[in-house]
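Shared between the two complexes below is subunit A, which has subunit B as its partner in the first and subunit C in the second.
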Partner chain A sequence: MAKSRHRPRLGVFKFSSCDGCQLSLLDCEDELLAIAGAIDIAYFPEATRSDDVGHYDLAFVEGSVTTTHEAELILDIRARSSTLIALGACASSGGIQALKNGAETNAFIDTVYAHPEFIKTLDTATPISDHVTVDFELRGCPVAKHQLIELVAATLRGRKPQTPAYAICIECKMAGNVCVMVANGTPCLGPVTHAGCGALCPGYTRGCYGCFGPKETANTAALATRLADHGADKRQIQRLFSTFNTGAPAFRDEAKRHE
Partner chain B sequence: MSKKTIKVDMLARVEGEGAFAVKVKDGEIVSTQFRIFEPPRFFEAFLRGRDHSEAPDITARICGICPVAYQMSSVHAMEAAFGITVDGPLRDLRRLLYCGEWIESHILHAAMLHAPDFLGYAGAIEMANDGHADTVKLALELKKAGNAIVTFVGGREIHPINVRVGGFYKVPHKRDFFPLREQLLKARDLAEAFVDWTAGFDFPDKARDYTLVALKHPDEYPMNEGRIVSNRGLDIPVEEYNAHFREEHVAHSNALQGFMTDGGAYLCGPMARFATSFDLMSERTRSAAQRVGLGPENRNPYRSITIRAIEALYAVDEALRIIDAYEMPDAPVAPFMTRAGTGMAATEAPRGLLFHRYRLEKDGTIAEAQIVPPTSQNQPSIEADLSEYIADILDQPDETIRLLCEQTIRNYDPCISCATHFLDLRVDRE
Partner chain C sequence: MLVETDSCNSPFVLDANGLGRLIASLHASGHRVLGPTRRDNAVVYDEVRSTSDLPRGWVDEQAGGHYRLKREGEAYFGYTIGPTAWKSFLHPPKQSLWSTKTGNGQTEIRPASISDEKLAFLGVRACELAAIAVQDKVFLDGAYRDPHYAARRANLFIIAVNCGRAASTCFCSSMGTGPKAREGYDLALTEFITSEDVAFLAVAGSKEGAEMLSTLPTRPATQADIDASTEATAQAESQINRRIDTSGLSPLLKENPDHPRWNDVASRCLNCANCTMVCPTCFCTKVEEVSDLDGVETSRVQSWASCFTSDFSYIHGGAVRTTPKARYRQWMTHKLATWVDQFGTSGCVGCGRCITWCPVGIDITEEAAAIRSGNKGG
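Moving on, here comes the complex of A and B:
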């Protein structure tokens, strides 16, 4: 976004999601009022009744597309936004609800609802980039607060956000953690997962469960072999790749190999 | 003959997507509909075939504001199925984590989502920009203390990573609590001031004779365990939940609606807990309640904002009590063996009773899951409130009616993402 004198207009939009990623913005307790001073929060229904529609310099989109209404709405938001950013795992890979992709949606509706005929939903949960051009995807389930602030700061200055694309393993080494897989044989997605959380789970002696999604060129097959060497069965490996980024191609394809 | 519909198609300052419509004919309300259009996400279906150990992390994703509640109800249900009880410091740490979520969630709602209704602003940022900056900053500081607890015990504020069936992955040393304790001591003063600030609002003079449902524990204000009780004499173990409550699927909502099996609507959440367990709050909390003229007899739902503030004060007080008594346990997790069976648990989410039931196979695989969130249970009560509380202002401009409707719905701190398995305001005047 080019530098301008007026405060850039921000719109925050929710699609199918838990609200956690946009809540991360309200959780920036120390920075929130400063952010509100630098940016004109024109549309953010979770925070304000004002619904200033029109053009947005910056659009944050949380959630995945799971209804025909959402599929139409995202086209409209894209058309009215200069920069569109997908916030979090749902927006960037479909989220946990992408577990319904490839399943019989009607069977799912029958499981939850007494009157399936009242429910209107698509058969798939898809990332925002399947529908419109996305300028940047911020990973995480939920996004990391420090990365969200970096994203806002970078966007205000018209530069690319500094969000390293290496694996969780790098963050884990930098944090000085003992490797949970080497030391304890704990299944860990650290080697194939995009950095961002600061290797939180290994710091608590549990394996990474991949909530930041696959890093680029993730060697999931090699990791799966290693997991099997440590005694994980096919079902465990399949489930490990099928959680909050189950719709991300690298994780989805690896999971399929273990069905 | 006059007809009209007053509606809001996208209710703001709630968690998730909901709408509302009131139909009015000849000056009388014909119907009120609280609609949840948040798309369904089918968690009960996803859980089938997953391992019991995955339930706390998967169900956390139902709601970004109250993930701890989902984690707590799920682990307690699993532990009930496996026949184990997690006690001592591990139980205390769970309660501490829940205190953090109550503070964070209550202050978010009271200060940022609900207070603007009482003061006539579109949102908290508009409020801060118009003379209330100090209070908004105070509230943010208090909310931050809640988040600090969740981060300290759970690893991060949203979707904590440290909760597991049987306990935790890692538990803190006693010495690690020092900075958090200092932060909470300051937060306690902020919480006292916040109670007084909300108590100074003008409250609509409205009340109903509600059926109030909450957990009740003999020794403590309810969070993680207890029997399910009501102000009308209901007193059952959690395992009998389905015999006394049922969920109905109505055409206007993607959330199931909760009723008692005798057909009546009921209310759960802060006002219900306050009414049934007031005497179990800390002395400091009861004094604050007394100072602002609130007691267990309160049935004015608009004053729930102050009850949330009082519960937040209680949670700070209780967190400090737990921290001072804490001794590091020998192991972070209690041992257990999986077995076939059914486990049920209810805990007190910030918005009210959250019931989970799982049927498990011998190896711990989930065969069936049932999750009943507080907002589903409160929907019929919300619709009943709308019918009753706006009846005397129907001659006023639509915008006045609309604002009171929104404020009324926000009394419940509705969590729409939770309930979908929620909201837009329409008033139809015919």
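Moving on, here comes the complex of A and C:
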């Protein structure tokens, strides 16, 4: 890459999350030096000591909004960023913590914490797009390394990243996996889940957990009917749809139908 | 390729040892031998090093959205078909087409190399021979010949194995493709049980097949051998109880785009694309440009695509087929009707993979029958 080229200024921000998605950036290993050469990593607490100051060409936001502080901070980051990208299940659908949505938050706080008076939290865990305009969402819990690199490469070239919204099943068949649902009767969310992981779990003869959230035109009702035919009870189906993307409307609504 | 002489077509009998010799001979002549193996509770096509890799004594039980293997008998080829289609090797899921490298103000374009690998397919069923013939029309005929497919196809040695069993999802006989292999093979084997072991009635279908057969330990077939193999094929045929009524099917589907059954099937369809992935004739691809981080190297990669995705029908402004209903109707109408206009043959060979490997068990034969009967999809 020509030295004279403008290196976009990147900020990496963490909201309520486990850090896994932003650590995926460090996991890029072989490509990490190329990434560091192509973009100016200006703020990334997991990797650098720099402070959060100024304007960003590119902001990667991990995590969901669960406190009033976070709800204010995301507005500030948005105002200082040209392009804002939500990374992972928490940022794009609320994450596993969205299980608290609709539940009694204060009851949880009283049960878990010795001094509940110090805890200040919202009643919901919500995706970044509920608060500000998001330019692109990269799915996954955590995001897939190859998709993160594609995202960076595409952003540098000013093109749309190639992250197809079709089912995991396409990746599964292209990998030559045997369908765990058809051959073993294993419950699998693959047919309603967004591609991206390369069908990781079915590749190890496990059912898909839906880490990448709902695919386009996900027919969760037809899948749930089939799971019931295979012997899954309402509680099992409800739990299957209530994990890392429990806040994604297609999964949340299917889970509700089985409460 | 086909040699229609008596000497070529007279049957011989090969025993299990001879089958092992056949595999070894193919390796010796530089072929990569692919055939049935047992992996993850299914029979999948993969590398075959010797007869011990074959799923001897395993048979499959299939239904809509259901596949199980169980032990039964001693046959090497007692299973019917599994999830793998031979297109996985002739028309692989990903194929690099060309790449570019930019530097010093110049862009160099490099075409992807054409593989000279010699493949041998062991255990190709009659429906699968028909499917390969369908894809030959797609990739080799007409103005846009696929050089990668052509190279693999030219170096391919095909050993067909006639079915001795049929799965409940099989309907080759109504599509006119099986269960007995008629053409398109170098060697055809029919497995039958003898007093000591299993044996194979072997018939050559090409000069290369006849030459191969002449190097193997065989004996001329007796009438009893021929009768035993005929009986094995007849048994498979008698077990087929699914069918598609193909009479007038093409106009029927084309004239019924608003049939209520399309809504009914759309309510069950996951639009997950499994049917198109396992279909041995589905050939659609997309191309993507893949660039590296510093923008120096870019490659154009072709990969399998499916008409069950919204990207597939995306044109300027949006997708043409936004609903699962439109996508299922497009797939089935193309497969059974407009395919005939396009390629002069049905796109369906009756293998039943789309029925078995549909996670919710949607059955193309039932859907076609429902459109015909005027079933309102209740």
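Note that in this section the second predicted complex is superposed on the first by the 253 of 259 C-alpha atoms of A that agree within 3 Å, B and C clash if a C-alpha of one lies under 4 Å from a C-alpha of the other, contacts with A are read in each partner's own complex, and residues count from 1 in each chain.
The rule is short, and it goes like this: a residue touches a chain if its C-beta (ideal position, glycine included) is under 8 Å from a C-beta of that chain, and two chains touch if they have at least 3 such contacts.
Everything quoted here is computed from the prediction, not taken from an experiment.
**Student:** So in the superposed three-chain picture, is A:Gly190 touching just subunit B, just subunit C, both, or none of them (first/second/both/neither)?
**Tutor:** In the superposition, A:Gly190 contacts subunit C only.
**Student:** Classify the contacts of A:Ala59 with the two partner chains as first (subunit B alone), second (subunit C alone), both, or neither.
**Tutor:** In the superposition, A:Ala59 contacts neither subunit B nor subunit C.
**Student:** Which of the two partners, first being subunit B and second being subunit C, lies in contact with A:Phe244: first, second, both, or neither?
**Tutor:** first
**Student:** Go through the superposed model and pick first if A:Thr205 touches only subunit B, second if only subunit C, both, or neither.
**Tutor:** both
**Student:** Between subunit B and subunit C, pick out the one touching the greater number of residues of subunit A.
**Tutor:** Of subunit B and subunit C, more residues of subunit A lie in contact with B.
**Student:** Which partner chains sit in contact with A:Ser50 here, subunit B, subunit C, both or neither? Use first/second/both/neither.
**Tutor:** Only subunit B is touched by A:Ser50; subunit C is not.
**Student:** Just checking: does A:Thr121 make contact with subunit B only, subunit C only, both, or neither of them? Give me first, second, both or neither.
**Tutor:** first
**Student:** Does subunit B (first) or subunit C (second) touch A:Leu10, or do both, or does neither?
**Tutor:** neither
**Student:** Have a look at where A:Pro142 lands relative to subunit B and subunit C in the superposition and call it first, second, both or neither.
**Tutor:** Once the two structures are laid over each other on A, A:Pro142 reaches subunit B alone.
**Student:** Of all the subunit A residues, which ones make contact with subunit B and with subunit C?
**Tutor:** Comparing the two interfaces on subunit A, one with subunit B and one with subunit C, the shared residues are 205.
**Student:** Quick check on the complex: what are the subunit B residues that touch subunit A?
**Tutor:** Checking each residue of subunit B against subunit A gives 10-17, 38-46, 48, 50-51, 54, 57-58, 61-65, 67, 104, 108, 112-113, 116, 122-126, 128-129, 133, 136-137, 140-141, 143-144, 147, 155-159, 161-162, 164, 169-170, 248-251, 254, 256, 406, 417, 421.
**Student:** Which subunit A residues qualify as touching subunit C in the complex?
**Tutor:** So the residues of subunit A in touch with subunit C come to 1, 31, 34-35, 37-38, 149-150, 152-154, 156-157, 162, 164-167, 169-170, 173-179, 181-184, 188, 190-192, 205, 216-217, 219, 222-223, 225-226.
**Student:** Touching residues of subunit A toward subunit B in the complex: what are they?
**Tutor:** 14-24, 26-27, 29-30, 32-33, 36, 41, 44-51, 66-67, 70, 95-97, 99-100, 103, 107-109, 111-115, 118-119, 121, 141-142, 197, 200-201, 203-206, 209, 211, 236, 239, 243-244
**Student:** Which of the residues in subunit C end up touching subunit A in this complex?
**Tutor:** That would be residues 39-42, 44, 65-68, 82-84, 88, 93-94, 267-274, 277-278, 288, 290-296, 303-304, 306, 308-311, 322-324, 356-357, 359-361 of subunit C.
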